[in-house]
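Note that chain A is present in both complexes that follow, paired respectively with chain B and with chain C.
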Partner chain A sequence: MTYVLRRLAWSLATLLVMSLLVFAGVYAIGNPVDLLINPQADQAEIARATALLGLDRPLWEQYWRFFRGALGGDLGISFAASVPAITLILERMPATLELALTAMLIAVTLGIPLGLLAGLRPRSWLARSIMALSTVGFALPTFWVGLMLIMVFSVQLGWLPTTGRGTTVDVFGIPLSMFTVDGLRHLLLPATTLALFKLALLIRLTRAGTQDAMLQDYVRYARAKGLSESAVVRSHVLPNILIPIVTVAGLELGSLIAFAIVTETVFAWPGMGKLLIDSINVLDRPVIVAYLLATVCLFILINLLVDLLYAVLDPRVKSGTT
Partner chain B sequence: MGYACAMKSATLIQASRLLLCALIAVTAVQAHAAELRIGLSGEVTSLDPQFLAAQPNLTVARHIFESLTDVDPQTRLIPGLAERWRAIDATTWEFNLRRGVKFHDGSPFTAEDAAFSLARPLSIKGSPGGFAAYVRAIASTTVVDTHTLRVKTKYPYGALPEDLNSILIVSKKHALNAGPEDFDSGRALVGTGPYKYLRYQRGDRLELTRHEQWWGKAPAWDKVTLRIVPADPSRTAALLAGELDAIEHVPSADIKNVNKNNKLNVTQTTSWRTILLHLDQYRTQPPGVSDLNGKPLAANPFMDLRVRRAISKAINRTAIAERVMEGLAVPAANIVSPGVFGYNSALKAEPYDAEGAKRLLAEAGYPHGFRVTLAGPNNRYINDEQVLQTVAQLLTRVGIQTRVEAAPMSAFLGRVRKEETSFALLGWGSFAADLSLRSLVAAPNADKGYGAWNWGRYANPKVEALMEQALGSVDRTKREALAREAGTLAMQDLAFIPLHHQVVSWAMRANLNYVPRTDEFTFAHHFTPR
Partner chain C sequence: MIAATAPTGVLAASYARDRIALIAFWLLLVLLFAALAAPWLAPQNPYDLAQLDILDAKLAPGTQSSAGLTYWLGTDDQGRDMLSAILYGLRISVGVGIASTALALALGLTAGMIAARAGGWIDGLIMRIVDLQLSFPAILVALILLALTGQGIDRIILALVVVQWAYYARTVRAAALVELRKEYVEAAVCMGVSEARILLSHVLPNVLPPVMVVATVQIAQAIALEATLSFLGLGLPITEPSLGLLIANGYAHLLSGKYWISFFPGLALLATIVAINLVGDRLRDLLNPRLG
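Showing the complex of A and B:
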C-alpha cells in the first residue's frame, strides 16, 4: 500500500515538473501569436491577440492559472483551434492507439516465434536470416522505411493506400478503423513501419533469452524426464523468458503510443503524434502541455499494468511488494 | 495572408527524390466521375472563417464562404458578393451587393449579413485573430437597403476593397451565437460559396458537396474531398498512386520528375511571396556583426548604402533561382511580384557582380570585409535553409564572412522579436505594393500600425510620405502610380535586399487543369476537366 502511495506521489511530482518545464520552454522560445497570426497584422492586433490569450501576463501567473485549471481537470484551450486541448488529444487518441496496438501485435506475434526459432537453432541459415532481418530493422530510419513501403506497395503495386486513415466504425462510441476492410488496408503500412523496430528488438530479446534458458539445469532435467522438445520449449523455456519480454514490450508500447510521430507524419495519420508536431510548430502551449501530461499518465498506467502482469506470469512476484 | 505552411524537412525531401526518380513512370490513374480529391499542405486549425487568418484555414473556408470583393488568379480585384463598389467621397465607400445570392440553407444573402460579418472578427472569444488589421480603418457600416452597404472609414483609405477580400461573409442567423465547435461540426458552417459542408475529420479531411444554388458558374465537381497531407513526399506519392487527383505545393525535389510524367499535368506561376533579407539599420553595434577578429565595428555597416549595394551585387540570384530553388524562383528587384498592384517592370534584378561588390566594400571602408550572422527559418519557405547557406557562401566570397543560423520558424521568430538578429530572411506576400510597404518598410509605429515586420527599422520619410498618399487615395490609377513610385524608391535605396519571388506549383492528373494563382490558394471550383 505504501508502495502504491509512494509511487503515486512520484507520478504527481513528475507531472508537476514536466508541466513547469514545458511552460518555461515554450515561453522562452517565443510568442505563439507571432506564428499564428496573419503577417499583415499590425502591432496593435498582435498585442490584442496576445492579451486575449493571456500571454502578456508574467510566466508565474500564466502557470498559476494553468495549475488551478488543471486541478479542476481543465488543461486549457488550444490557441490555434479554440477547442479544449484535452478534447483535441482524446479526439486523436483512438487513431494512435489502434496504430500502436496493431504495430505491437505485429511485433509480438512475429517477434517472439522468430526469436525462439533463432534461439533454438542459432547456427541454421533460418536463424541467420532472421538475425539479418532484425539488424536491418534496427538500422533503417522509420521515415525511410515508411516512404519505401509507400513506394512499393502503393505507388508501384497499387495494393494499398498511401496515406490517411480508412473508414471507421464506432465501437462503444470510439471511432475505430481496424474493423473495416478499408480501415485495415490503410492501417497495414503504417503499422508495419512502426512495428519494424520493435520487431527487431523482440527477436533479439527472445533469442538471447532462449539461448540462455536452453543451457539451464531445469531444461536439462525436463529433457532427462523424457519431455519432447516442443513441450520443453512450451512449458519451461517460454514462461521463463517471458518476464523481460513483457517488461520491454510494455515500455515499448508506451513509446509507440507517445512517439509514433514520424510514422504519423509520413502516412498523414490523424493521430496524437501529428497533433503534437503541428502544435509545436505554432507553439500551441496548452496542447503541448496536455499531450505530455497525457503521455506521462500513459507511461505510469502501462508500468502498473506490466507489474500486474508479472504477478500473473511469475508466482514468486506478488503485486504490491516488488 | 502571407504564410506557406508546407512543412519540409531536408531528409524527407531527399527521400522523396529517391522515391520519385525510381518510380515516376508508374501511376494508376482512375477517373472518378465528378469527384475531386485534393491534397493540401497546411494544417487547418479551425473551420470558423474568421477565427484565424492563416492560409490553410482560409483555403478551406473559401470553398464555403465568399467575400465582398474577390481577386482573380493574378491578384487583381474582381467582384465577389459585391457586384460594384465605389468611393462616394474620401472616407465613404458604397458596396452594391449581388442580388439573388442564397446561403446554403436557402436563405437570401443581404446587407445585414455583410455588416454583421465585418463587425464579427473583433468579437470572437479566444481567437488569435489576424483579421482586425483588415477592419481597423472602418469607422462604421450602414445598411442602406437590403443590397447596399455603406462603409465609413476613419481616414481616407484606398485599400479598403483589398482588405475586405480577407473578410469572409457568414450568415448572421447561424453565426450570431455560434462557438468554434458549431463551425467544426458544420452547424454554423453556412456560407454562400460554391461548396457545402458534408463531413469533417480534424487533421485528416474535409468533404464538401456542390451548392446547387450558387450564383456563379457551376463547378465541375459534385463532391470534393480536401485531404490534409503536410509531408511533401507523401503528398506526391498519394498523387502518383492515384489516391489524389491534385496536390498543391509540389516539392521542388519532385517537380522535374512530375513534369516528365505524361500522366500528370503541372501548372505554375510566380507567387506573390517575395523572399528578402532584412538588415539592421538602427543599432550602432548590431548583434552578430563584427570585424574579422570578432571585435565590434566603429559603425553599423548596414547603414551604408554602398555596403547594402555590395551585398546585393554579391548575391547570384540567377544561380539561386536555377539551382538552389530548382527553377521555383524568379530573381527579384521589386517589393511585390510581377503583375501585383504597384509592380514596376522597369526595375531589374541586380546582376551578379563580385568585383563590383568588392569595390563598393573598399569604398565604404571595408577593403577586407567584416563578419555577420545571417538568421532565418528552416521550415517555412521553399528550400529556405539552402538559400541561406548559398547567400552566406556568396557573401563570404567577397569578404563578408557570413555564418548561418537557421532554426524552425517558431524559434527564429522568437529571436527576431527579442531583437537578437541583425540580418534575417523573411518571405512576404501582398495584394499591393503600398500594403507591403506599410508592413515591411515604413518606420515601426504602433499607433498607425506601420512597420510591424520592418525588422531592420529602415526609415525613409520620402518613401513613407508617398506610401501614405497612395494608401489615402481612393482613385486606383493614382494610387497605383504612387505605390509604384514609393516601392521603386525603397528598392533603389535597398530598404531590404530582395532575393527572389517564389514560384508556386500544382500537380494534377493529366486530364485536369488549374489556372495557377499568384496568391497560392487552391480552390476545387477552379479545377476544370481538359
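Showing the complex of A and C:
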C-alpha cells in the first residue's frame, strides 16, 4: 500500500515538473501573434491581440493562470482554431488510441507465437528466419516502412487507401474505424507500420524468455512427470514468460502513442500526433501544451495499470514476498 | 566470449567467424568511406544550383542528362542527381549520428561517474533527472526540444545528446559503483593515490569498454531518430538535407509512382542502420555478453 502511495506521489511530482518544463519551454518560443494576425496590422491591433491572448502578462502569472485552469480541465484556447485546446485533443485521442492499441494487438498476437517458435528450436531455419525478420524490424525506421507499404499496397497494387480513417462508427459516442470494412482497410497499413518495431521487440523477448525457461528445473520436472512437450510449453513455460512480456508490452504502449506521431503524419491519420505536428508548425502553444500534458497523463495511467496487472499475473508481488 | 584485453588479432579472428557480421563490417566501411569522400565521389555537387538543370527534374533511374551525365538513381524535383544527393545526405546523417553519440557518451560518462563517486543527494538528484527523462520516449523529448529551439544541425545534435545521455549515465553509474567497491581501488586509496587519478586511470578504463560497445549500436539509433525528425520537418533545414529529408522530399512524388526519390535514400539509410547494428551486436556478443 505504501508502495502504491509512493508511486502515486512520484507520478504527481512528474506531472507537476513536466507541466512547469513544458510551459516554460513552449512559452519561450517565438511570438504567436506574429503568425496569427495580418502582417499589415498596426501597433494597437497587435497590442489588442496580445492582451486578448494574455501574452502581455509576466511568465509566472501566465503559468499560474494556466495551472489553475489545468486543474479544472481548462488548458487554454487554441490560437489557430479558437476552441478549447483540451477539446481538440480529446476529439483526436480516440483515433490515436485505436491506432496504438491495434498496433499492440498485432505485435502481441504475432510476436509471442513467433518468439515461442524461435525459442523452442533456436537452430532451425524457421527460427533463423524469424530472428532475421526481427533484426530488420528493429532497424527499419517507422516512417520508411510506412512509405514502402504505401508504395507497394496503395500505389502499385491499389489494394488499400493511403490516408484518413475511412468510415467510422460511433461506439458510446466515440468514432471508431475498426467496425467497418472501409475503416479496417484504412487502419491496416498504419497499424502494421506502427506494430513492426514492437513486433521485433516482442519476438526477441519471448525467444529469450523461452530459451531461459526451457533450461529451468521445473521444465525438466514437468517432462519427467511424462507431460507432453506441448503441455509443458502451455502450462509451465508460457505462464512464466508472460509476466515480463506483459510488463514490457504495457510500458511500450506509451512509446507507441509517441511513435504514432510519425505514423499519423505519413498516413494523414487524424490523431493527436498529427495535431501536434500541425500545431508545432503554426506555434499553437495551448494545443502543444495540452498534447504534452495529455500524453504525460496517459503514460502515468499506463504505468499504473501495468503494475496492477503485474500483481495479478505474479502472485509473489501481491503476497509481498519479493 | 573473450576478454576485453585480448589482442586485436584474436578479436578480429573471432569476429570474422560470423560471416554475416563480416559482410556487415565491410558494408559499413564502404558506407563510411562514401560518406567521408562524398564531395569527390559524387558526380555533381547537389547543392550547387548552377550544376542543376530543372529540365532534368524527376527523371527515372538510368536516364541520361542533356549534358551526357547518367543519373543512375534518377533525379528529384529540382533536377538533382539522386546518387549525389544520397552521398551528401549520408555524410550529414552519419556525421550527426557520430557527433551526437560521442557528446552524449562524454556527458553521460561524466554524470554517471560523478553520481557514483559523490553519492548522497548529488547522486539522488542526477538519478532522478535520469529517471524522469527515461520515462518518456526519446522521439517525444527530441521533438519538443526541436519545436522549441528551431531547426539546424547544432540544434538536432543538441536534441540527440539530450535524449541519449541519461542512458549512458545510468549504465556508467552502475558499472562504476561495482568497480569502486573492488579491492584494487581500496589498494590505490591505501597507497595515497589521488581521488581524480583513481577515477580517471583506474575506474574509467574498466567502465569504458562495455559502454563504448553500447554506443556503437546507439549511433544507429541516433541516425534513425535524426532521419525521423527530419522527415517530420523538424530536424535539419533544407539547405543541409540528410537522408531523412531526402525521403520526405520524395514522399509527395511517391503517390504518383516516382518511387526513386524516396526509395534510394531510404535504402541507403536502411543499409547504414543495419550494418551498424550487426557490427555492434557482434562486438557486444564477443566482448560483453552480460549487457545483452
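Rule of thumb we're sticking to: the second predicted complex is superposed on the first by the 303 of 322 C-alpha atoms of A that agree within 3 Å, B and C clash if a C-alpha of one lies under 4 Å from a C-alpha of the other, contacts with A are read in each partner's own complex, and residues count from 1 in each chain.
Here is the rule we go by: a residue touches a chain if its C-beta (ideal position, glycine included) is under 8 Å from a C-beta of that chain, and two chains touch if they have at least 3 such contacts.
All of these numbers come straight from a predicted model, not from anything done at the bench.
Chemist: So, does A:14 touch the first partner chain B, the second partner chain C, both, or neither?
Modeler: In the superposition, A:14 contacts chain C only.
Chemist: Between chain B (first) and chain C (second), which, if any, makes contact with A:247: first, second, both or neither?
Modeler: A:247: touches no partner chain.
Chemist: Which partner, chain B or chain C, is in contact with more residues of chain A?
Modeler: The partner making contact with more of chain A's residues is B.
Chemist: When the two structures are overlaid on chain A, which partner does A:211 contact: first (chain B), second (chain C), both, or neither?
Modeler: In the superposed model, A:211 contacts neither chain B nor chain C.
Chemist: Tell me which partner A:44 touches in the superposition: chain B (first), chain C (second), both or neither.
Modeler: In the superposition, A:44 touches chain B alone.
Chemist: Determine, under the contact definition given at the top, whether A:139 touches first (chain B), second (chain C), both, or neither.
Modeler: After superposing on A, A:139 lies in contact with chain C but is clear of chain B.
Chemist: Kindly classify A:288 by the partners it touches after superposition: chain B alone (first), chain C alone (second), both, or neither?
Modeler: second
Chemist: Touch test for A:180: chain B only (first), chain C only (second), both, or neither?
Modeler: The answer is neither, since A:180 touches no partner chain.
Chemist: Chain A residues touched by both chain B and chain C?
Modeler: Overlap of chain B and chain C footprints on chain A: residues 28-29, 143-144, 147-148, 150-151, 154-155, 162, 265-266, 277, 280-281.
Chemist: List the residues on chain A that touch chain B in their complex, please.
Modeler: For chain A paired with chain B, touching residues are 28-49, 52-53, 77-83, 88, 91-92, 143-144, 147-148, 150-151, 154-156, 158, 161-165, 265-268, 270, 274-275, 277-278, 280-283.
Chemist: Which residues of chain C touch chain A in the complex?
Modeler: 132, 135-137, 139-140, 143-144, 147-148, 150, 220, 224, 227-228, 231-234, 244, 247, 251, 254-255, 257, 259, 262-263, 266, 269-270, 273-274, 277-278
Chemist: Quick check on the complex: what are the chain B residues that touch chain A?
Modeler: Against chain A, chain B makes touches at 1-3, 7, 11-12, 15-16, 18-19, 22-23, 26-28, 43, 45-46, 48, 51-54, 125-134, 136, 166, 179-181, 184, 201-205, 227-231, 233-235, 237-238, 240-243, 379, 408-411, 413-415, 417-418, 428, 430, 435, 439, 444, 446-447, 449-450, 452-453.
Chemist: Please give the residue numbers of chain A that touch chain C in the complex, ascending.
Modeler: Counting only chain A, the residues touching chain C are 14, 17, 22, 25-26, 28-29, 135-136, 138-144, 147-148, 150-151, 154-155, 162, 254-255, 258-259, 261-262, 265-266, 276-277, 280-281, 288, 292, 295-296, 299, 303.
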